[in-house]
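All chains are identified by letter, namely A, B, C and D, in their written order; residue positions are counted from 1 within each chain.
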Amino acid sequence: MPKRIDTITSAIGWSTPDKIQVHGLDLPSQILGHINLGDMAFMQVTGRKPTEQESNVFNAIAVTLVEHGITPSAMVARLTYMGAPESLQAAVAAGLCGLGTVFVGSMEGASKMLYAALPPEQAGKGADLAAIAKQTVAEHRAARKIVSGLGHPVHKPVDPRTPRLFDIAAENGMSGDYVALIQLIQKEAEAASGKTLPINATGAIGAICCEFGFPEEIIRGFGVMSRAIGLVGHILEETRNPMAFELWQRTEEEILATCGPDAAAAST
Amino acid sequence: MPKRIDTITSAIGWSTPDKIQVHGLDLPSQILGHINLGDMAFMQVTGRKPTEQESNVFNAIAVTLVEHGITPSAMVARLTYMGAPESLQAAVAAGLCGLGTVFVGSMEGASKMLYAALPPEQAGKGADLAAIAKQTVAEHRAARKIVSGLGHPVHKPVDPRTPRLFDIAAENGMSGDYVALIQLIQKEAEAASGKTLPINATGAIGAICCEFGFPEEIIRGFGVMSRAIGLVGHILEETRNPMAFELWQRTEEEILATCGPDAAAAST
Amino acid sequence: MPKRIDTITSAIGWSTPDKIQVHGLDLPSQILGHINLGDMAFMQVTGRKPTEQESNVFNAIAVTLVEHGITPSAMVARLTYMGAPESLQAAVAAGLCGLGTVFVGSMEGASKMLYAALPPEQAGKGADLAAIAKQTVAEHRAARKIVSGLGHPVHKPVDPRTPRLFDIAAENGMSGDYVALIQLIQKEAEAASGKTLPINATGAIGAICCEFGFPEEIIRGFGVMSRAIGLVGHILEETRNPMAFELWQRTEEEILATCGPDAAAAST
Amino acid sequence: MPKRIDTITSAIGWSTPDKIQVHGLDLPSQILGHINLGDMAFMQVTGRKPTEQESNVFNAIAVTLVEHGITPSAMVARLTYMGAPESLQAAVAAGLCGLGTVFVGSMEGASKMLYAALPPEQAGKGADLAAIAKQTVAEHRAARKIVSGLGHPVHKPVDPRTPRLFDIAAENGMSGDYVALIQLIQKEAEAASGKTLPINATGAIGAICCEFGFPEEIIRGFGVMSRAIGLVGHILEETRNPMAFELWQRTEEEILATCGPDAAAAST
């Protein structure tokens, strides 16, 4: 059970008739026009503006997570919008509800694994990464657990986002022990399993999030915020080129054909 | 009822084992590292990259909408997270559900009003904006309807975000008839009502969205996507400096005191 | 803007260490074991237990709204559950988000229309229902508005739920002016349009809700609560006989075929 | 990854122009008027109508879960409705999103624990329940895990719902090994910890769900469906006796006072 507190406080911001302060800065004069949307997202999580290098890398991560074509969450947003076009916000909300352990969770999982294998205070101090990778893979295999961030159902043998994200991190001086470690873990996992296991985009992003030192409990949030942007695009397309009704009708017809009265008659 | 269609199509994107295309561009090589998160949001809605001027103005709009301190939607996200900390995505979703007609709707309302008063094909062609403003206010008063985008419960006599947003639009060559029109509408509305009616941030953004020519049905979506970013920040703060449990306990105690068994005894 | 209040109160209930009171009754001794789930829903809206007749009719309404096979909201719940099986509650929530104006709204619309045509204080006092029906249809046709609660894409010429619901209402003494009025409106609308326009289930339920005197702003809520029950059933089936992954894969493949790289090559 | 399937099927139901079948029954003639809402919920999960005894017990469980005064989920529904009163369904959805591991999860947790300690195929066959209880508590203590379903922040030394639910189960012949086992576990846990640990309502319900043999993955769903009913009641009260705006304003004022410009000045 949480504890009672005397006063409610928040460091995020406040407003008075003539001022709006956010993260210690004056929103109109010190934020608007000075930073982009990705930088603002960075500020929401760190409480400060990013450096130029951090901005480059963080924006690349966030942009990656916006869109991946038709996904279950895009289908959900479109099906929901069909029933409640007056509530665009609820269609986005519905689409976000499925960003759980199965899809977006692997980003969080990769970060957790990397932080557990190499605690932040030991990063960048010459740890034996090859040994750590070996041990990490061995532990996962012993526990019959999947290594988060490896493998992809479609993108083989390489997830094309991964080398690009690693390049952007390196160009901006943000490719350190964690990026190296996940690459070593991949090699170990491939050797141990005999399978091709590309580092997928969520694995790459999980590793780069560790380079930033982001708290692991918020990493899923980057996927959620970016996907909210993506879903608005899908809803706009749905207003012009709808697919939700067709998806529904086909499903209903198929169930009627396979389980309806004629199906029963046919199977007699 | 919508119509059946033969094939389901989407221009947003697709992936193959080695390629991910989004809005006609190769995601890894043509998007990642080249644009920021606000630009990606712009692409989701327009299907193309913004110009530098459009990027400046659109990012300023989006950044404005991320955060305004503690709002009902931030409270909702925090209260939801307390009960389901394993589902950060559902806490964000819950927070978005309230971004309806009362709060974010005024942005959409302002754009609708401006497009109705000055259809896009007549903008920038020397329309008599003063006459249009007069008529718009007169119509709203005759119908006893509030003019969307004017007035603010806290920010008086000026919403500090508004002049800054208009400056950014002007500096980037995006301050045209719609920005002029809402300012004329404000003057008319103030003269007609005798009240101070600042153009609030959603009014300013609604006008600037008309300068972009964004379809009115998607304008609420900018508020939704930006607020999703803001809510992730509130949830992170909730993990470190929680207020949800305290809010709940106080409310429960107050209801017990005002309506519980002792309240009944006291009123006998 | 709402007004500030001095104290927060709620008549729904409270708890102390040894008591839980709900709607003025002791939950354990006066509610549990004495009423069924539909009666409890009735109490949530009226603050009192239903009579036996009210219980019969209200439960029939609520049961009707639980299930109608595969619907967009059932598809949404299943697609969401696939991504976040740890959050059953969020899958139900996502499924509810689409119960807006297009589907469940017609129940609310029918009640609003009937209350507007025959205000509650005039019901049961010998109003000229035929004249009211004529005028209502004429007004809808003049305004080119659809009459809520009439017509169904599948159930023709009769929605099989409607006569059964009207019978249950009549058997329990709850078939009065509003049920009569919607039947007269149906006849007028069919005569005026030359089309077959069955009273659909939401129309029948809207009329019966008026017999109860339920406030129109809460009528949509009956659809929402009942569908929550239905969605839990769909989620359970999804755990055993999943369709979400197949729905997603087929859609992705179809978009790849119609809009992907080979489609472009083919159309050259 | 799930597997592809050839055809999509569903045993829940289908409709043709003149028929609606649900769980193998004709909805209008075999369901409507014959069962109450709780029975329909039972059917959604089991595929069959309950016996009279099952109906009594299941309705009592479901009714218990509808309402517990002001809860975080009720606050969420009210705060959401304030911003989007046109989307009652989204306010209910938002309220459901927080029914996760912290609150409703304990019901699921109790069932899981009981099923693990006494697998269904061994129930009712004279297992040594006292020994099982001892071992269960010992295992939880060794792993420093809380025993699900025991203890309550408010209801001490007895949760008043628990004895009533157990009585209803016993009166209907549904109090078997699982109800006995959780009572033995309670005694062991109290003896081992030296604390008063009442079986709370979710513990009692978890045990009774095991008597029914419900699959553990759906048990949370009973809380979700019932709470959806409760939330509709809170939203209706919010339309008449609102608290959301006041909750928001107080919170904003408190943050302004504790963290705003005057707070900063004061602390200098």
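FYI, a contact is a pair of C-beta atoms (placed from the backbone, for glycine too) under 8 Å apart; a residue touches a chain by one contact, two chains touch by 3 or more.
Because the structure is predicted, anything quoted here is derived from the model rather than measured.
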Practice problem: Could you find the chain whose CA centre sits the greatest distance from that of subunit C? | Solution: A
Self-check item: B-C or A-C, whichever has more C-beta pairs in contact
Solution: A-C
Quiz item: Copies subunit C and subunit D touch; is their interface built from the same residue numbers (over half shared) or different ones?
Solution: same
Quiz item: In angstrom, rounded to a whole number, how far apart do the mean CA points of subunit C and subunit D lie?
Solution: 23
Self-check item: Inter-chain centre distance, subunit B versus subunit C - centres from mean C-alpha coordinates, in Å
Solution: 30
Quiz item: Using mean CA coordinates as chain centres, what's the subunit A-subunit C distance in Å?
Solution: 36
Quiz item: What residues in subunit D touch two or more of the other chains?
Solution: 1, 8-11, 14-16, 19, 69-70, 82, 84, 86-87, 89-90, 93-94, 97-100, 104, 243-244, 247, 251-252, 255
Self-check item: Sites on subunit B touched by subunit A in the complex
Solution: 1-5, 8-20, 22, 27-29, 31-33, 35-41, 43-45, 55-56, 59-60, 62-64, 66-70, 82, 87-90, 92-94, 96-100, 104, 154-156, 158, 160-161, 163-165, 167-168, 215, 217-218, 220-222, 224-226, 228-230, 232-237, 239, 241-247, 249
Quiz prompt | Residues of subunit D that touch subunit B when the two form their complex | solution = 69-73, 75-76, 79-87, 90-91, 93-95, 97-104, 243-244, 247-248, 251-252, 255
Quiz prompt | Residue numbers on subunit D that touch subunit A, as the complex places them | solution = 1, 7-11, 14-16, 19, 21, 84, 86-87, 89-90, 93-94, 97, 153, 251-252, 254-256, 258-261
